[in-house]
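Just below sit the structures, each encoded as structure tokens.
Note that chain A is present in both complexes that follow, paired respectively with chain B and with chain C.
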Partner chain A sequence: MPLSIGDLIFVCFVGITFAGAIMAVSLKNIFHNALSLALTLLGTAGIFVFLHCEFLGLMQILIYAGAISIAIIFAVMLSPPLSLKPKKRSVTKVLVSLSVSTLTFVTLAYIFIRTPWPISANADAGDFSATHIGEILISRYAFAFELISIVLLVAILGALVIAHEEPGDRRLDPEISLEDERWAS
Partner chain B sequence: MINIAIQILIWAVGIIAVVTVNALALVYLERKVSAHIQCRLGPMQVGFHGLLQTVADAVKLVSKEQIIPKNADKVLFILAPILAFFPVIVLFVVMPFAPNLICRDLNIGVLYVFSFASLEVIAIFMAGWSSNNKYSLLGAMRSVAQVVSYEVPLLLAVLAVVLVIGSLKMSEVVQYQHKIWMIFLQPAAFLIFMMGGLADTNRSPFDIPEAESELIAGFHTEYSGMRFALFFLSEYSNVFLVSCIATALFLGGWYGPFVNGIHWFVIKVYALVFVMMWVRWTLPRLRPDQLMNFCWKILTPIAILNLLVTGVVLKLVH
Partner chain C sequence: MIYNQLTPYLLVSAVLFCAGLYGIIERRSLIGILIAAELILNAANINFLAFGRFMDVDKAIGQIYAIFVIGLAAAEVAVGLSIVIMIHRKFKSINVEKLVKLKG
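Entry: the complex of A and B
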């Protein structure tokens, strides 16, 4: 089957996403990891555009590639210098992150396998315009919308608590600020 | 298919030509404006009143050696100027120069502009970090903090405008203003936008990222030759682009007395560019803490208030 230009572009975007994701976890330099993550987010934005959700694609660039990845890079700047020898990871930490990521992967894989592809087109499934997304966000998905704002509020409060800590009381832990960015996303 | 390819090629060549020529013109303009503000003459030797001075400078930059610092992160160091230039080219795609002179009139053009503009920061940070130089890193961190902060009031101001117009399409945004310019409906938003624009382009009084007296040149201290020129190109193109966006959003784009058309757009853009240069050479630089306070404690509340009032008024009118 000959590849059309559309297929080629799709393969390109998927390739960028995958390459970025693999580099984000495999590279040794933490700054390179953060940049690779930004590359993955850009690739995802490309896939959104390819699926005719231009609005979501641009939002992905504005919020994730433009803001969240910058916040992560800032958090990287708070981490110890790269020239120092990194501390060995504790076994419990590795185990916890391993179990969380496995659980996430299994859940997602389960959902993917269970879903009858392609999803049948509902009355409004094909409409990804800004107007329509805005409307359903504050009507049908109002609960999720409010929930997200609570999460953001908690993240802001957490940032305030960290910022207000007495100097010399406890060293600013770079991992806490990284954690915050993940919450905010 | 081939038609589309040729069309894309023509647009790409056109955009790059405009970017380059415009940057040369703006550098000349800046040197002349600054000179006259400081009671000097500025470049006078090369060509009539120094008109060819920037061309000579460009030739010099192209022929200069490309120096890469010994302990620099080579890949990122080389990539950064290219990435800094990328948003510039991409943003020209939706600029509404004239009714039929828009490369792509996207439905969400305004959003497109601001989402790609936000990528510039990553390139600046890459440049600062990969140079392995404390001045570069400090400049980059300042720049990122500043740009990320000032994006908030800037986007809120634009949101108020979009609320009034009810469309994110660049051509519709301009067409809405054929009777009355947006600057008269949204004066506060215009001022906030221009201040945010000055901060986003790292220009005085918001130029702490490249404060010469403290940081040498900020994030591009270690760059030389054509890589330095690329940063310079993107900086001046950003000044031009901010003026373009302001013209389209607030100053009625191609509309004007007598004949509507691209000439009005260009006149307005260069008038705004002149104002930005005027501000740069008359105002002193802000201190970093003043800069952050101004953004978060003055500009952002005003922008939110402006948005609120706009929403209430629109609800009452409709």
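Entry: the complex of A and C
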């Protein structure tokens, strides 16, 4: 099967996504993890474009790569200085998580490949446009649309309330020494 | 034409999901766990959009589900990060192995 130019670009985006995902969970420095997450999100935006969802790709870059990863990077500033050496990972934990995720992947891949999906004959016929999304969003899915607005409002207020610092609340737990401040990878 | 079949997209999302699963089990920092959860949400998004494109449905529905997932992810990150900040303020650490106050 000859590879077309579209295939090459698709494989590039998939490679970016995989590299970012693997670095996001394997690197020890949390700042590098956050940057790799942004890389994964950009690669995923490219995959969205291949699925004819250009609008979603743009939203992905704007909201995910723009806002969410920046918020995570802000929270990373809680971390101790990057020059401190991170703790070693425990080998058993790595082995257990690797085997669990590999087993899950094998199962999922087996299901995905073996299932005869009812793919429609002309899959690309249809209205992928943002106009159509907007029409359906405020007619058939209007309730869910309103619900997600309320969820976002409550989340913003809740985040403010939770992160609000009360005076006299600076309690240092004596059981946790400064040594534990070293970044847990 | 790899990109005109359903299975490659599903496999990509499976890899993302498993990377996130690995991260959630293995990481010890709360922010690392949040990052892994984002990976899993992205895998779900790819699946929604892929099925929306290849199945015989209205092409907007998969995208609308993906929009809802993105909105919920934003809410989740906002609340999650503020919880992380609060935990850091009280315990001076966000290592999940140190958060054993409820263990009795």
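Simple rule for what comes next: the second predicted complex is superposed on the first by the 118 of 185 C-alpha atoms of A that agree within 3 Å, B and C clash if a C-alpha of one lies under 4 Å from a C-alpha of the other, contacts with A are read in each partner's own complex, and residues count from 1 in each chain.
Here, contacts are C-beta pairs under 8 Å (C-beta built on N, C-alpha and C of every residue); 3 or more make two chains touch, one makes a residue touch a chain.
Model, not experiment: these values are computed from the prediction.
Asks: Just checking: does A:F55 make contact with chain B only, chain C only, both, or neither of them? Give me first, second, both or neither.
Replies: Both: A:F55 reaches chain B and chain C.
Asks: Would you mind checking which one, chain B or chain C, touches more residues on chain A?
Replies: After superposition, C is the partner touching more of chain A.
Asks: Considering only the touch criterion stated at the top, classify A:L35 as touching first (chain B), second (chain C), both, or neither.
Replies: Touch status of A:L35: first partner only.
Asks: Applying the document's definition of touch, where does A:M77 land relative to chain B and chain C: first, second, both, or neither?
Replies: first
Asks: State whether A:G66 touches chain B only (first), chain C only (second), both chains, or neither.
Replies: It touches chain B, and chain C stays clear.
Asks: For chain A, give the residues common to its interface with chain B and its interface with chain C.
Replies: Correct list for chain A: 55, 59, 67, 74.
Asks: Could you list, by residue number, the parts of chain A that touch chain C in their complex?
Replies: 4, 6-7, 10-11, 14, 17-18, 21-22, 24-25, 30, 33-34, 37, 40-41, 44, 47-48, 50-53, 55-56, 59-60, 63-64, 67-68, 71-72, 74-76, 78-79, 89, 93-94, 96-98, 100-102, 104-105, 108-109, 112-113, 117-120, 123-124, 126-128, 132-133, 135-137, 141, 144, 148, 151-152, 154-156, 158-160, 162-163, 165, 169-173, 176, 180-181, 183-185
Asks: Quick check: in the complex, which residue numbers of chain C touch chain A?
Replies: 1-4, 6-12, 14-23, 25-29, 31-32, 34-36, 38-39, 42, 45-46, 49-50, 52-56, 58-64, 66-68, 70-79, 81-86, 88-98
Asks: In the complex, go through chain B and note every residue touching chain A.
Replies: 73, 76, 106-108, 111-112, 114-116, 118-119, 121-122, 125-126, 129, 141, 144-145, 148, 151, 168
Asks: What residues on chain A touch chain B, complex-wise?
Replies: Residue list for chain A touching chain B: 29, 31-32, 35, 38, 54-55, 58-59, 61-62, 65-67, 69-70, 73-74, 77, 129-130.
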